[in-house]
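First chain A sits with chain B, and in the next complex the same chain sits with chain C.
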Partner chain A sequence: MMEWIFACSPPLSAPVQKAARYRLHFCSPEIIRFQVSPDAIRLTLSTDDESVWHEVSRKVERVVSGVRDGFVPPEERLYMERRHPSPAWSGAGVNLEQAGLIKKAGEGFYVTGPLIAGLVERLDRILLDMADVFGARAVGTPALIAPEVLSRVDYFRAFPHSLTFACHLPRDVDEIEAFSKQPFEADGSLAPAASGAGAAVLSPAVCFHLYHFLEGTSLGQALESYTVRGRCFRYEAGALAGLERLWDFTMREIVFVGEQADVMDARKRSMEWVTDLADRLGLVCRIESAADPFFVGEFKQRTVFQAAFDLKYEWRADLDPAAADDLAVGSFNVHQTHFGKAFRIAAPSGEMAWTGCTAFGLERLALAVLRQHGLSPDGWPEILKSDLSVSIE
Partner chain B sequence: MMEWIFACSPPLSAPVQKAARYRLHFCSPEIIRFQVSPDAIRLTLSTDDESVWHEVSRKVERVVSGVRDGFVPPEERLYMERRHPSPAWSGAGVNLEQAGLIKKAGEGFYVTGPLIAGLVERLDRILLDMADVFGARAVGTPALIAPEVLSRVDYFRAFPHSLTFACHLPRDVDEIEAFSKQPFEADGSLAPAASGAGAAVLSPAVCFHLYHFLEGTSLGQALESYTVRGRCFRYEAGALAGLERLWDFTMREIVFVGEQADVMDARKRSMEWVTDLADRLGLVCRIESAADPFFVGEFKQRTVFQAAFDLKYEWRADLDPAAADDLAVGSFNVHQTHFGKAFRIAAPSGEMAWTGCTAFGLERLALAVLRQHGLSPDGWPEILKSDLSVSIE
Partner chain C sequence: MTGAADTVKSFIARALKIDESAVHESLQLGAIPQWDSFGHINLMMALEAEYGVPITEQTVLQHVSYAAIAASLAALKR
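What follows is the complex of A and B.
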């Protein structure tokens, strides 16, 4: 192991540092640790071999230039901010795993015990009230998605780094029995038979399936609303961390499909509804403009595009009283005709349909409640104390 | 393409034919189609090459001998049977995809539209009533599971054929960008980078996570009950078919952990509860002894063991009025101390805990309702007409 320094000149602005920090997790397998400051990136590599460093520094340069050169960070727009005096912050310092509330089940995924699982269900029931306001109809989506569908929505180009593929053993009794007898390599990794060519992808969002479901249809109304709850998968390598950033998480979405004006209005109403919810939850939080985590090659153009057309806001909740750490617990998205075109969905006007979605990460929202209001339901806001049929404790 | 015949002498009994039929889907990639009769298995191969047939017939022999030689099929035990006169069977002949109720999203997975998604939610709420009867506490489980955990419960040995592995691209900016530019091979399959070594497995059941969560604990009560709803993954190759057999499906489980007598009693009570539910649903169905789909090498011994100790029952519903086709929509399982030992869970007596689970395939249960009672909620039993907050139509 050895530390190397990648000098940054001119210095990196704060938004560029942030963008580089996330993407350096996907830069090179030789990088064990890294630290980004304005002037330099310090990297710990697995080796002191100069030729390896030469290769790695080329890759670091690729990442840094991808998020820096010619990038003008868009101005942030604040939609709302809440600084409630109420939170006790009694959950702020607690290690949830040591407290027995969650159990690490693997790198990036956790089992949640009754307290958190019950809280997730309560929060979801509340979000269903919002779905009801829009007359949203439930649809059911698989966790798997066809590569062809993801390709149609340009996901491979925008977010290749976080894809998860579903593979299976070959349909061959010899190979299956051989794997069965020796599923692991000497180093503890799975035997190569486990990665026959990927046959499907694990869906990184639930709404893609809905657009696919609506493929080739003409909408009957200026606004149709749907709601879906499903598992989403985003492999985020070294950025994976506790319930904050899971490989495999639960998303509740309310999806809007229709005419431009109606979809824009629905998103706005969903932001108003969430603002009211934030007050009922007594959460220290804000709704502000945001960008999706586009990979290096697509970062600059798409980030600027999203901001220019006001396409994305995030609902971000503080995780500690010093406001040093906050977390996106929801987002409010408009996709213009991106999906309407890809799946030939027509609005009543005959124009391609606009789409939008308001999405919530349920484990993250639960985490924000726990951090701010503590681990005892007694200290939770009234709205979370309503009875659920399945006991939470 | 060419048809070949594998002669069976002595003839295959009905249970052996059934066992062979399922496992031949995992026999050889050269097999395009097959048909099993008592005297012969007819196989269509991709080739007329005799040497390929020689290899394939060796593999067929392996599968057939694995489920035949020395296998004495256990006697079937019927726990209950219901032949309600009520079903209209108006959904029996309907192609759900042509009716616009589901959309094929890939090989083995479907999006379900509002009618079926709403029915799934209603059924799940009803099953939560059963969870409540047992005072079950909700837990939340990821879709991913660590290979090490599955290995501990001997899953790789028993069911290697249906495993699904989660893979991701290498953490390398060059490889990620190369994949991003060309995600598909010329034949339309995903580029090989998509199958870096499998890092995790997609869980084939939800209860494994719970036992892992309870690892190393001593139970406070003679019976603890939990409930989980989650996605499960079983790759079943050519056996995949519509909502009947999904690669990726939704399971609701009520899990029992405790002393032997209490777990056995809880399973019995869950069978009584489901018998009552079957009446309220007016379903033509039965509960009978069953066996898990063990792969070839483990089939005989484990099937006989399960039957000898009365470990598994299935709730099977008819899919057509001629009773030619039925489907397991739920199961009632006891695992003795298999999981208690693997995860060192102690019952209050100091003995290793017994476990059991009563599990439901929600899409399958919905399908049985649709087949028997039709596609219009007007024709559904009263119990399914209760109001849900999210509209089903």
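What follows is the complex of A and C.
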């Protein structure tokens, strides 16, 4: 092992530190841990081999310069902020695994027990009320997505670090039998035969399937709304942490497809609806402008573009009473004609369709409720205690 | 056509990877398939790389037409 300090000059601003911290998780497998401060990045490497040190140094330099040179201070737009006095914060700081409410099933994925699974279902049913407001029709989507579809939406360039590939054993009887006899290597890892990239990817979002479904169609109305719920997969390396940042999570989306003005209006209405929901949930939270976690090479141009054209807002809820930690529990996105063009979806005007989606991470939303209102349903807001025919006992 | 107009035409054509004959004075973001969201990103990157115009929210929103880009490049030359 080796400790190493990477000096940062000029010093890194707080937003750049945050951006660097996330991306350093994907920098090198030789980095065991790191600490980012304005003046330096302190790294612990797995080896004291000098050649490895040079290689890691080059990669750290690339990541840090990528986010520092590419960082453009965003103009923060606050859509709403709620400072409800009601939360007891009795769930803040509670270790959900030690409390027996979740069970770690692997790095970044958890089994949720009845309390949290029931809360997720109740929250989802409330969100379906919003889908009803928009007349959204339900669409079913698979967990797997074809690489070709992800390529068409430019996902490989924007978020290559978060991809999760589905793989299978080679169609070879010898290799299949060898794997069945010895699926693990001596170090506990899966045998190499099971680690190749396959012909599918585990989908990082559910709305991509919908745009693919609509491929080549002409919309009959100025606004068509759909709702989709599914599992999503985003690998976050060392940033994976409890229910806050899962590799495998559940997303509910309300998706809007249509003319520009109608999609923009739908997003605005969805933000109004969520503002009302935040009040009913009594959540300390805000809706503010945001940017997606683009990877280093695409960081600058994409974040600036998102900010300039007001394409993304996040619904962020506090996780502790000091507001030191918050979490995006939902997002409000407009994609302009990005997906309309990729899948040749025409609006009634004959122009390429605009799309937008309002999306919720269900486990994250449940976590915010638990942190702020506690682990006992008795302390939850009325909206979560009314009869929703989902047992949490 | 003036040399300045040639420069603007050539710059936009290169950044958007289109033929110069497709570039005209009323061209703007969204008017042609190549000048879409991603084309615009490329255009802004080129503007920064070739003319040192920093990418900010303001510059992204400002340079949405041939006329705006021409005005910026003219101002830079003064």
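We adopt the following convention: the second predicted complex is superposed on the first by the 388 of 393 C-alpha atoms of A that agree within 3 Å, B and C clash if a C-alpha of one lies under 4 Å from a C-alpha of the other, contacts with A are read in each partner's own complex, and residues count from 1 in each chain.
We take it that contacts are C-beta pairs under 8 Å (C-beta built on N, C-alpha and C of every residue); 3 or more make two chains touch, one makes a residue touch a chain.
Note that the structure is a prediction, hence the values are computed from the model and not measured.
Novice: In this superposed model, does chain C or chain B come into contact with more residues of chain A?
Specialist: Counting contacted residues of chain A, the larger count belongs to B.
Novice: Using the superposition on chain A described above, determine whether A:Ala105 touches chain B (first), chain C (second), both, or neither.
Specialist: first
Novice: For A:His338, decide between first (touching chain B), second (touching chain C), both and neither.
Specialist: second
Novice: Based on the superposed arrangement, let me know which partner A:Ala307 touches: chain B (first), chain C (second), both, or neither?
Specialist: Touch status of A:Ala307: second partner only.
Novice: Residues of chain C touching chain A in their complex?
Specialist: My answer: residues 33, 36-38, 40-42, 44-45, 54-58, 60-61.
Novice: If we count contacts the way the header does, which residues on chain B are in touch with chain A in the complex?
Specialist: Residues 23, 25-29, 59, 62-63, 103, 105-114, 116-118, 120-121, 125, 128-129, 131-132, 135-147, 149, 151, 156-157, 160-174, 176-177, 179-181, 183-184, 189-190, 192, 194-200, 202, 209-210, 212-213, 215, 226-227, 230-231, 233, 235, 237-238, 246-248, 250, 295-297, 363, 389-393.
Novice: Can you list the chain A residues touching chain C in their complex?
Specialist: 72, 74-75, 154, 300-302, 304-305, 307-309, 336-338, 341
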